[in-house]
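Okay, got some structures for you below.
In the two complexes that follow, subunit A is the common piece, with subunit B as its partner first and subunit C second.
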Partner chain A sequence: MTHRPYTPWLFLAPGLAICLLFVIFPFLNMIVLAFTDASALGGGQFTGVDNFVRMAQDPKFWAAARNSGLYLVGVVPPLVLLPLLIAMLVQKVVPGIGIFRTAFFTPVIASTVVVGLIWTWLLDSRGLVNNVVEALGGSRIGFLTDSTLLLVSSMVVTVWRGLGYYMVIYLAALANVPKDLHEAAMVDGAGPVRRFWSVTVPSIRPTMVLVAALSAVNGFRVFSEIYLLSGGSGGPGGASTTLVMLIQLTGRGLTGEVGYASALSIVLFVILLGLLLVTLKLNRREDQL
Partner chain B sequence: MKRAHLHLALRYLGLLAVLAISIGPFLWQFATSIKGPSEDVFVPDFIPDDPTFGNYAAVADVVPVWNFALNSLGVASVNVITNCLGAAMAGYALARLRFRGRRFAAVVFASSILVPFEAIMISLFLVMRGFGLTNTLTGVVLPGAVAALNVLLLRNAFLALPAEVEEAAIIDGANAWQRFTRLALPSVKGTLVVVALFSFMFSWDDFLWPLIVLSDQEKYTLTIGLAYLQGTFVQNQRLVAAGTIIAVVPLILLFLLLQKHFFRGVGEGAIKG
Partner chain C sequence: MKRRTFLAGLAAVPVAGCGLSGTSSTSTGGTGQVTGEITFQTWSLKPKYTDYVNGVVEAFQKQHQGTTVKWVDQPADGYLAKVMADASAGSLPDVINVPPDLSFPLAKAGQLVNLDESLEDAKPEYLGNAWQAFEIPGKGGCYGFPWYLNTGPIFYNKALFRQAGLDPDKPPTNFRELETQALKLAEKKIAILGQTPSIADFGLYGVKLFENDKFTFNAPKGVEFAESYKRMYDAGALIPEALTQNYTGAGAKFMAQQTALNSGSAYDLGKFKTDAPSLYANIGITTPITNTGSANMFLHGVSVPKSSKNQATALAFGRFVTNAENQVKFAKLASIFPSTSKGGDDPYFTTEDGTDEARVRVAAAKQLKTAVNYTPVQFSDQMREALLQQLADAMLGKKSPKQALDDAVAECNRLLK
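What follows is the complex of A and B.
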């Protein structure tokens, strides 16, 4: 015997306690609460599927689910393509390349709050971006005051912050693309565009799928960007609210409707789990390659 | 030869364009933060006529920004220690010790990874209230104190170590704790650095949970303090800008010092997002 029977449990105790108390238990509790009319003050009667019936008839839920879905659709294509182009730009070692790589990663380091505040200021009705728009002869745009534009602005911020992160993932993948493939294609007279589509893209396709899945999960979870760009309101009349923000608004505070918020959480969980399982599966497959 | 020069010039042009996009917003924020009260902040002028650091002192007069920073630093530091130690201990038990119930423990950690925080945050708030820990910094730290992902990262690191060394130590009579601290831990330093860095960054940047669990201004961490600052003093952008610079500088310094670990961590923690 190399150890006493209880020794492993002493090693596991802190981690296991945290995960059981603050992940597994709240998760199970959420499922129970979703079938009650519990409020933040406590209590709660079993109400069957009432919360889900209410959800189906709640225009706020559908608007939030649509916004989160749109967000996913809006951020995934640019986050799959743009970081790849940037990775190809920094892949070749030229003088000063380290400085560029480091600089491109900086937005990832800054918190979403810092990033959100910086862009709120940039996109202000009298901010830097509108100054440029005016200088180019256009009129000021209400990036943060129109509910659709707010959503688009928020996507731009998410994409901007994700560029450096996915660039690093792509850099690792590009390093594994065999050089002779490129050379062979060059000998055959393929131009840079042709080589990109016929050599680069097929060799790193698994990574592109992984980036798509990762950015989809993160896109659907969006909260901070919308919260900050709208000053906590979720846009004019709350029209730009996303699912996570709706849960936060529904469940928080003394008037919080915990039961209904839990039902919303279950919907969020099911969608995210689906996306996450796809991601894990793809990640595993990529590891084997 | 000419053609190669043209290619290089184009490459640098592209690099500079991306540089402007990724760094420009930070520079603009910094420029705003050092503009004096007499200068129009709306004029797109990256170099102020009369630069001043007065806003950094002034922001502390309207909100206790250094207090916020201290709270964030405390929360992040504790988070680093509990994650490195707790996750390493659990990871070691999973990888190196044989016992009944190991499968159960592994399942708990694996399923914890699959539960997104956003889905349980309301229920988690009720748990915290049950413990009487809402509106405390302890309540901010606890849910992420030992992240399941870190347990699995360290488990994998321990699994990759050769078993022979430990077998020799067992024969020499070393107990499990001694083998853990003297042999196993020093061998996974690289993974520990990644776990430490990302725990710090995650905690320093966290917004949603502190927003839910904290209600008194004196307990605020930097992120919700800044959101509060923006909501209250939106008319003075110089102060908001100074606040954001205070929040971002420590992380940029940390990043510049430990770059290669950051890049490694992106690969290892890709799933965490």
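What follows is the complex of A and C.
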């Protein structure tokens, strides 16, 4: 059989071409644009690090970075723990369990816009939740009109949407936990809680790190939830705007500041890269232990 | 934002008839021979107006043998992105449907044909105010054929007015009355409005919006207007969502009878009839709230990019599609109005037949004669966002209305550069 060194490249070529055209080139272009005052209609002038200096002095950037950071803190712990608990519940083979698994997974495949609209109707000042609160004697809560509550509401939607996806990942991991370990622990008198902490968690720790990394990246890049719940405004006074939303608001339209939006995108990229590197390091340390 | 209300309405109006008979075109003007292929891009006219547009295209091709018009319709969602991508690549269609605020950045970037130079005789065929909307203020030149227009009446909920002890036959006609009645409604825990004021509302209040290449809506009159809204907000006359909501949200709240008053268009009446019959039973229709005597006008146009390889044909088609005859036919299919100086004389726009729809239509057509497109063409999406955010801060008491407007104007002027 003849070995032709270029054969693998022929197989790779279509994928590489698409990657170069739609990922690498736009990424490099973004880096170039970040150092210009480009608008949607023109290449702009080279402005050095002006965009980054402006960013450092821009209160909107700091507010958006803080909101994205808060989002990360707010969604990662529940998205690491809750899907695990649900996975353990639905792992058991009992009649009708498929219905529950499907129910938990449905939000994952539901359209983001539809999910956003449903939650908007629920949390609106005259929505279902507020009607129930009022019927119970409470006063209406500004879930979507108070900047802090809007952020919290978005986090709830993100967690709700993510449960099913991470549940499936955990189900796969749980299936690989040896049963004899649990049986041995039971023989030694370990109860369900002890078995969870001493058998289940150590066995699926790499998966938990993976879920933490994925949910952290997705949480920091949040856009749809906050955009839909705030009607595209980023909340009253734009106080709930996240970094991705700020990029969209800055760069959109024919009059968008593409140069500044590119600079913001670079900062977002660096933060996300940092997050992934930290997770990778944590994962390696786990492997070494 | 209101532009999209208008469009959404237009896209949703059912077609009552279709096709166009042979039409007589106006003179084409421009230089070069009217021949060859051009592309015509519209904003969300398919499938409701497919037959109408195809009819126009066929009539043009019949009148100008040797021409081919390729019609491309883009959905409203992503229209801006499509124009942006085409403009950046220098590949805009030969004839493109744009409202004034989209034509402005394109014209400023030197991408559109100046009609005042290319078709000197076209201007008198259109309403002066509509033609003016496509000019670059202070620099002259017109960069789009005015196409369809709209202006809205004010709709109000008579039942809610009655509930607050207000005379349902005396809705507010100016902003002073609006505040008085809003505060009265608020006493009964009824909100009158679902939105903070748009830039056009400042214009309707009588605020000078733009002067000497700068935004000026933070003038004392503008501050007075924002303070009036602050008083209304504090009293509960605006729903909490008003701080973040756009036109669509405000319209939905009015439909749900959570607010007592909303601006709209002739199209909305049909929507109330089918989607909110209990509101329709109590609907009040009145003239726009204005301190200037002129209503606000929304309009669309068609522009010809300089990059068109067939400019003479593109200009001829742009003029043809917006001529009086074609516009009147289009207006009869949708709840819109022609922007030509002759189209408005059609009995359809001047005679009532006893129905609410005709009453709104005739009133709107009358209003359009003096209506003004208050939104400055320079006012971009980012500026709209800045104004909304600053007004929200003012309503929440985070800053004074004056400070909020000063900050909004500073941001708008920065974005202008």
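Everything below uses one rule, namely that the second predicted complex is superposed on the first by the 253 of 289 C-alpha atoms of A that agree within 3 Å, B and C clash if a C-alpha of one lies under 4 Å from a C-alpha of the other, contacts with A are read in each partner's own complex, and residues count from 1 in each chain.
Note that contacts are C-beta pairs under 8 Å (C-beta built on N, C-alpha and C of every residue); 3 or more make two chains touch, one makes a residue touch a chain.
Quantities reported herein were computed from a predicted structural model and do not represent experimental measurements.
Once the complexes are laid over each other on subunit A, subunit B and subunit C cannot both fit and instead clash. When both complexes are overlaid on chain A, the residue A:Pro236 reaches subunit C alone and has no touch with subunit B. Shared-chain residue A:Leu254: touches subunit C; no touch with subunit B.
Once chain A of one complex is fitted onto chain A of the other, the partner contacts of A:Gly142 are limited to subunit C, with no touch recorded for subunit B. In the overlay built on the shared chain, the residue A:Leu41 is in contact with subunit C alone; subunit B does not reach it.
More residues of subunit A lie in touch with B than with the remaining chain of the pair subunit B and subunit C. In the overlay built on the shared chain, the residue A:Thr200 is in contact with neither subunit B nor subunit C.
Of the two partner chains placed by the overlay, only subunit B lies in contact with A:Leu268; subunit C stays clear of it. With both structures placed on the common chain, the touch criterion links A:Arg126 to subunit B and to subunit C.
Note on the superposed arrangement: subunit C collides with the subunit B stretch 130-138, while the other options among 4-12, 40-48, 112-120 or 130-138 stay free of clashes. Subunit A residues in contact with subunit B (one complex) as well as with subunit C (other complex) are 124, 126, 231-232, 252, 256.
Within the complex formed with subunit A, the residues of subunit C that make contact are 80, 83-84, 87-88, 102, 105-106, 109, 111, 239-241, 243-246, 249, 256, 258, 380-382, 385, 388-390, 392-393, 395-396, 398, 415. Contacts from subunit B toward subunit A in the complex involve residues 8, 11-12, 14-15, 18-19, 21-23, 25-26, 28-29, 32, 42-44, 82, 85-87, 89-90, 92-94, 97, 99, 101-102, 105, 108-109, 111-112, 114-116, 118-127, 142-143, 145-146, 148, 151, 170, 175-177, 180, 201, 204-205, 207-208, 211-212, 223-224, 226-227, 230-231, 234, 237, 240-241, 243-244, 247-248, 251-252, 254-256, 259, 262-263, 266-267, 270-271, 273.
Of all residues in subunit A, those touching subunit B in their complex are 2-3, 5, 7-9, 11-12, 14-16, 18-27, 29-30, 33, 86, 89-90, 92, 94, 100, 102-107, 109-114, 117-122, 124, 126-128, 131-132, 160, 163-165, 168-169, 172, 210, 214, 217-218, 221, 223-224, 227-228, 231-232, 244, 247-248, 251-252, 256, 258, 261-262, 265-266, 268-269, 272-273, 276-277, 279-280, 283.
Within the complex formed with subunit C, the residues of subunit A that make contact are 40-42, 124-126, 142, 144-145, 230-238, 249-250, 252-257.
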